[in-house]
Amino acid sequence: MEKYSYYERKVNYYETDKMSVVHHSNYARYLEETRIDMLKYYGMPLEMFEDMGYVIPVLDLYGQFKESIRFGETIKIVPKIEKVTPVKFYFAYTIYDETMTKVKHIAKSSHCFLDSNFNPVSLKKVAPELYAKFVSFAEPEKEV
Amino acid sequence: MEKYSYYERKVNYYETDKMSVVHHSNYARYLEETRIDMLKYYGMPLEMFEDMGYVIPVLDLYGQFKESIRFGETIKIVPKIEKVTPVKFYFAYTIYDETMTKVKHIAKSSHCFLDSNFNPVSLKKVAPELYAKFVSFAEPEKEV
Amino acid sequence: MEKYSYYERKVNYYETDKMSVVHHSNYARYLEETRIDMLKYYGMPLEMFEDMGYVIPVLDLYGQFKESIRFGETIKIVPKIEKVTPVKFYFAYTIYDETMTKVKHIAKSSHCFLDSNFNPVSLKKVAPELYAKFVSFAEPEKEV
Amino acid sequence: MEKYSYYERKVNYYETDKMSVVHHSNYARYLEETRIDMLKYYGMPLEMFEDMGYVIPVLDLYGQFKESIRFGETIKIVPKIEKVTPVKFYFAYTIYDETMTKVKHIAKSSHCFLDSNFNPVSLKKVAPELYAKFVSFAEPEKEV
């Protein structure tokens, strides 16, 4: 299977604020869209985890806003699974302009699996094959 | 019990768009805050309905945008329960500026009760006292 | 030029609320995306109006929520320019499920053109050719 | 002048997602509300900077999600100006539950001043008294 390339996205008018650029809170939403799109591409759609009774919350999130994004722009978001452990996994992201020559934003997030009572779950224990699959898509960590 | 007067609200920066005014999609959120605040005031908090296993979706919503609202403004929202039937209830709202001399927005919404399977529920049947209470807060309908 | 067909859209996770369906305030955003996409298709992108110094606010908005929309669904939104006058124009919309066999939502909105001081502008006066073009895309009004 | 204490906030229904907790993208909004409230308290409202022709974008943002936040909760957010330089300033935040006994979220953000062309501005140069005031509210940095 080919590596997931990027998630493409037009910027919506309602995502701008009175600075005439995308409000920074929307970036977390762009990243979520990207994660979900990538997981689906890799045959592990979020709905599958939901059907298993798990949710995947964000544990932490770091973002650096390098260039503002404006209405009318198309952005491309390159995600990467940086690391997978039995109970946590780590993503990194770069948001580019449409031509992919300008970096708009870089980000990192970490996540875990929780059961329906919001207790942590070891993916390795409850779904070892799925865990192995997840690990196989991980790429060695790079510094942001 | 005194009639609920109004819901007061500062406008947030992130609610503006590049027209430098509050994006129109946020008005539905202001109205929801107002409904929830009024229901709580009347001793029927949304959480109570949730604990009974019900959700209260919006059936329809009409809004007229008369004056734009800007960051830094405080708005006051006057809601009214216009009509209550066993299965539906109707709200009307006026959004004013802080001094309540200028009408910013008028709106109407209708709602129903659904059980956890999203089937309609007659409040009159499942909670007659609560229904009677609801009816007692209704005011005769006026034209918008 | 062929009539604009529909705007297609995946539902995002962050658009759901604790009822597990899309929060109703997001529908206004879906409609805006649709308007903007249609205007672009017809060679009248919103950016063009912005470059002329105009903004296009919503005057009123009515929506009827017929079926809830869930995360993972793809929706298709069919817009229509119902009427165009020198100072106002009227849209109607139907939101369908992916197969276009189920109506999720119907809506209507009206809009005007404002100059940079937020004063109304007659499109017919300031841009007669653009106005004529706009009129040519209008379809006779139908009842919702 | 007393140190700014905390920003209090009820959680809105529309801020929840289908995990039944506040969607993580809203935390950045809570922090913005807090910053704006604190700046106002210290006599430096955001509107004042806007009137001077400046905007104050976010440069980077880090957040750690320690406990989920639910509809109906009231949260209290304690902000701190950690450091001020002529061209950048740094905030830290702790989001608590209503009783301030449980930490929900910790965060850090950095910001700069841009003129209307989005070029960086030295506050020290363009408004030395305002800069001095800003510095006077800063507190020594602590590790998160």
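Here the chain labels run A, B, C and D in written order, and each chain numbers its own residues starting at 1.
Criterion: a contact is a pair of C-beta atoms (placed from the backbone, for glycine too) under 8 Å apart; a residue touches a chain by one contact, two chains touch by 3 or more.
Treat the numbers as computed from the prediction; the structure is a model and nothing was measured.
Among the other chains, C has the CA centre that is most remote from the centre of chain D.
When the interfaces A-D and C-D are ranked by C-beta pairs in contact, the top one is A-D.
Measuring from the averaged C-alpha position of chain A to that of chain D gives a distance of 25 Å. The mean-CA centres of chain C and chain D are about 35 angstrom from one another, to the nearest whole unit. Listed for chain C are residues 13-14, 21, 25, 29, 32, 71, each touching two or more other chains. Chain contact summary for the complex, chain D toward chain A: residues 19, 21, 24-26, 28-29, 32, 55, 57-65, 68, 118.
Those residues of chain C that touch chain D in the complex are listed here as 13-14, 16-18, 20-21, 23, 25, 71.
Contacts from chain D toward chain B in the complex involve residues 12-14, 29, 32-33, 36, 45-47, 71-72.
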